[in-house]
Amino acid sequence: MTASARLTGVVPPLVTPLTPSYDVDTASLARLIQYQLAGGVNGVFVLGTSGEGTFLTDEQRQVVLETTVAEVAGQVPVLAGVIDTSTNRVAAHVSAALKAGVDALVATAPFYAATHRAEIERHFVKLAGLAGDVPLYAYDIPSRVGTKLPASVVMDLGEQGVIAGVKDSSGQETSLRELVLSRRETQLDDFAIMTGSEVTVDSALAFGVDGVVPGLGNVDPAGYVRLFKAAVAGDAAAARAEQDRLFRLFDIINVADRKRMGASSAALGAFKAGLHLLGVIDCPITAYPCIPLNDTEIAAVRPLLDRAGLH
Amino acid sequence: MTASARLTGVVPPLVTPLTPSYDVDTASLARLIQYQLAGGVNGVFVLGTSGEGTFLTDEQRQVVLETTVAEVAGQVPVLAGVIDTSTNRVAAHVSAALKAGVDALVATAPFYAATHRAEIERHFVKLAGLAGDVPLYAYDIPSRVGTKLPASVVMDLGEQGVIAGVKDSSGQETSLRELVLSRRETQLDDFAIMTGSEVTVDSALAFGVDGVVPGLGNVDPAGYVRLFKAAVAGDAAAARAEQDRLFRLFDIINVADRKRMGASSAALGAFKAGLHLLGVIDCPITAYPCIPLNDTEIAAVRPLLDRAGLH
Amino acid sequence: MTASARLTGVVPPLVTPLTPSYDVDTASLARLIQYQLAGGVNGVFVLGTSGEGTFLTDEQRQVVLETTVAEVAGQVPVLAGVIDTSTNRVAAHVSAALKAGVDALVATAPFYAATHRAEIERHFVKLAGLAGDVPLYAYDIPSRVGTKLPASVVMDLGEQGVIAGVKDSSGQETSLRELVLSRRETQLDDFAIMTGSEVTVDSALAFGVDGVVPGLGNVDPAGYVRLFKAAVAGDAAAARAEQDRLFRLFDIINVADRKRMGASSAALGAFKAGLHLLGVIDCPITAYPCIPLNDTEIAAVRPLLDRAGLH
Amino acid sequence: MTASARLTGVVPPLVTPLTPSYDVDTASLARLIQYQLAGGVNGVFVLGTSGEGTFLTDEQRQVVLETTVAEVAGQVPVLAGVIDTSTNRVAAHVSAALKAGVDALVATAPFYAATHRAEIERHFVKLAGLAGDVPLYAYDIPSRVGTKLPASVVMDLGEQGVIAGVKDSSGQETSLRELVLSRRETQLDDFAIMTGSEVTVDSALAFGVDGVVPGLGNVDPAGYVRLFKAAVAGDAAAARAEQDRLFRLFDIINVADRKRMGASSAALGAFKAGLHLLGVIDCPITAYPCIPLNDTEIAAVRPLLDRAGLH
């Protein structure tokens, strides 16, 4: 991995717009990217959890990668999720992503099988070898993977130059603060620490996190950019006010009837519904077999957008 | 799905022997299959959890499928795991397995993303459509997938003819008994209920389960066949004695130092070490990034094999 | 602890009948005890989880103990739950129970605070010292206590003479079988192993468990006694048929609307509703703050009793 | 409950000093209280989780209450934990605490038995009735109780005047922010929201929490008071620096060998060891059956105190 400026700012994990027949809707994806760029984001992250990467075939993943790289056209870095169950399966995604010309890779620990920290380290070491000069980020999302990346593993991998940073979606502020303190103590200045939590960004930036990868940023990239800029400028009150507004916008994930669908469907369906209502994407459907929001649920997103000042 | 004899008996989930350079060791796999057939098994299940299916590339999976189908040569059914994160990704494995000529397919619920029972049902319905006449079995393994397949979902899918049976690796006897009782009440006589637990087989057979898919059956297929035959013959004491012996043989999964490796590595490494010590496979290595058992740990398996009468 | 015959058979964990004003209803408790004795039970266990011991004041616990000892009048052993958060608090219950003249004590590991196995051992050792000649049983109920008693701890305590046996409500058949095998290997013949699961009794008895402590036995003690006798007589088919009938009777715990109340309220409310409908106890109310079953829910228990042949 | 100034600031949950023979060490407790008052705390909380309330007999609890009320002598409010398994058992502690003259009560949801939100509400309503004019606080500690108090339940109870505030030890920043936002939206200005997390206090104060109940505050009350004052004064950098220092001081909970003892013993043992090394309390023993820190472990606390500037 070459030395590179540390990743900072707002890097939304883009949803993958789909057609009613479950193909990747490249026109909508292109509009989504332009919406993000217009909002001032510092990067985009495709094929992550919000991107439904684990729901897409290899061919669909490739369409997403190529469309994104072409549309972004170098204006901001493109991070690509290479999420799969184990090292060798992830390796195939790494090759595909590199071929598409992405700027960075994002991988979780292995999942499905239970793994030990030594095994997780081997996993990232091998992937970094394949990535070459392209930075590799660790993605800590225990709710999906079943394993929390210990701070000591993350920092070890950082000190070895294996990973360029971490996206922490653990929701554990204590763990995130441990990373920030450890980074300072080890003077690992190039190491990026990003939070994946939509609703605690002002806090995280205040104690030293570099940026945020907010699923809700799909819907309101400009809001997260304002929040980030306020925090960087030291205007804690403005950052908090923006965060509070976004906290309430995040209520859109609760409009769907959870008796009908899973948590993932409800959240991603709400992000897509918001983008649909804002005219950014054509169809709010989520990937098969997820149950889509129905018309009533989609309509219920509207007043929450309005309340947040999004029209 | 065409009408078919209900799956019964001992169907071990075969490990995938690897070379020291992590290729599929087809010669060892062939010997493992002959060892199983000699032991009298009623079927073999490849690319399951014990088969490290989620650790193998698509190409490696294909080698396993083709080697197995060729080596088994129709003597018993070959079941193929098609385990992946979501419907469309599983679908690709279904195509590959059908092309290889397997006799049945085994799929879990989607994982990584949280799914709802309606979404799980859609998942299996679509897969069954792709499988055509080849029976599809649901694989319930909440420790890996994060979701327990509710008995009502399993039975609904059975009554609709979507699935031909279930492999229950939940470890929950209550849930297994609910399935057996429901099957009787709905007169769903063709529906197979198999347990994935190595150590409670005599009980499960006694209350009406059809057979077992025991990881430990890799090491001692003949023992499980004796257990099954004793149970079918109504000789509960013989079945229990065989189960007790196998219960203690299962202690091999505890020889590895869990400070060095994960639970999966310890268990599969022990099965492979046993097969290696018995001369069935050449190399006991587990799939990357799993830490393999060291020489001391491999040697510690020997006395447990001896105690169980395996030489 | 003096040598004593090993505890065996059916030992229901009695519910505590309450008046509409939440006093202990001693008349109903006396009738419940007579109903149990008429059913042929081998012992009764009061102030356990089914007995709502943790919901009762010290004074109410004492009333239950004294009423039970008097009513049972030595016909079968009376086991008393001494369940509380820590050793010294349990010790007070031990004194009270001994004063009331019970025949045995049943204690869980400490809870609320996280404890280590060495701490759990110290807990039982101290309690056994206080119990003197009165046998002490370990009660393994991880769903409530948050800690699974490891088989090795249970067996260590048994070999040291600290505990006379264990009531296993872990629902983990593997763990229960480990206890049975370990007992045989250590020739700890006096050590009692009881299961707390209502719905897997025939299996448990078949692999060597001594008896059952079934909450559902409140409603149908005679059924459990028939099941036990069939199993002891080696009539596995009769045992299984009885278990299957009781398995379906256990559906009464699902009549209550779980949107209105917790799992504990639904299950204990159903047992009490059954006893009320059978004329054994006056009032089906559960302890404060549990929400009681409403009239519709109570009525829904009736057809399930009828289906099980209870009138 | 009468109108009262909202609780704010630093309210350490006092440990209960014990003698080597496990009696309450009232002289050490008095010194601990003076150490806290000298540190400038805004209140003290006895018989909480750090106070090992669930490990003490009723008599010991009373000694703690009376010693504390006498020693504090009205200089700051005394909050008393009334933690027990169910409403009626808590009620007895409420009576005792009121008799001792405490200023406020702190209760968890019922535990051991699974409870529903409606049952939790009934629990607090009844306790508030017993408390009369003395404020009742809800204590949300799902790691011990097994149930997370939903924000909507907490706010409902606040709006009904049942509880005067909440101590949130859930470690979930999202949930804490929801409370703060809801309080603002409902204009429930008297309702106190305190965090129980030692290591995220600057963040919590920044987004609107009123204060902290830090176990580590036993050892360094003055540090938490400085942190609180800096935050109130709007000096975020000073607050963060103080928090960072305390974050590293919190490493004392990791000195004990977790192979020997539980998490609770390790943390409380470290707090007591720190106080012992600082000359505040005589004996660092934790309550029976907890394993105490050994001399090596106690000595290992010293350099961490030194690093934090505590001598």
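Note that the chains are named A, B, C and D in the order they appear, and that numbering of residues resets to 1 at the start of each chain.
Simple rule for what comes next: contacts are C-beta pairs under 8 Å (C-beta built on N, C-alpha and C of every residue); 3 or more make two chains touch, one makes a residue touch a chain.
Quick caveat: nothing in here was measured; it's all calculated off a predicted structure.
Path length between chain A and chain C in the touching-chain graph (shortest route): 2. Chain centres here are C-alpha means, and the one lying farthest from chain C is A.
Between the Cα centres of chain C and chain D there is a gap of 35 Å.
Note on chain placement: the centre of chain B and the centre of chain D lie 50 Å apart, centres being C-alpha means.
With touch defined as above, chain D holds no residue shared between interfaces to two or more other chains.
In terms of which chains touch, the assembly is arranged as a closed ring, every chain touching its two neighbours and no others.
By the definition of touch given earlier, these chain pairs are in contact: A-B, A-D, B-C, C-D. The touching residues of chain C, counted against chain D in their complex, run 22, 49, 52, 54-58, 60, 83-89, 91-92, 110-116, 118-120, 122-123, 126, 144-146, 258, 260-265, 287-291. Chain contact summary for the complex, chain B toward chain C: residues 171-174, 177-178, 181, 197, 199-200, 202-203, 206-207, 236, 240, 243-244, 247-248.
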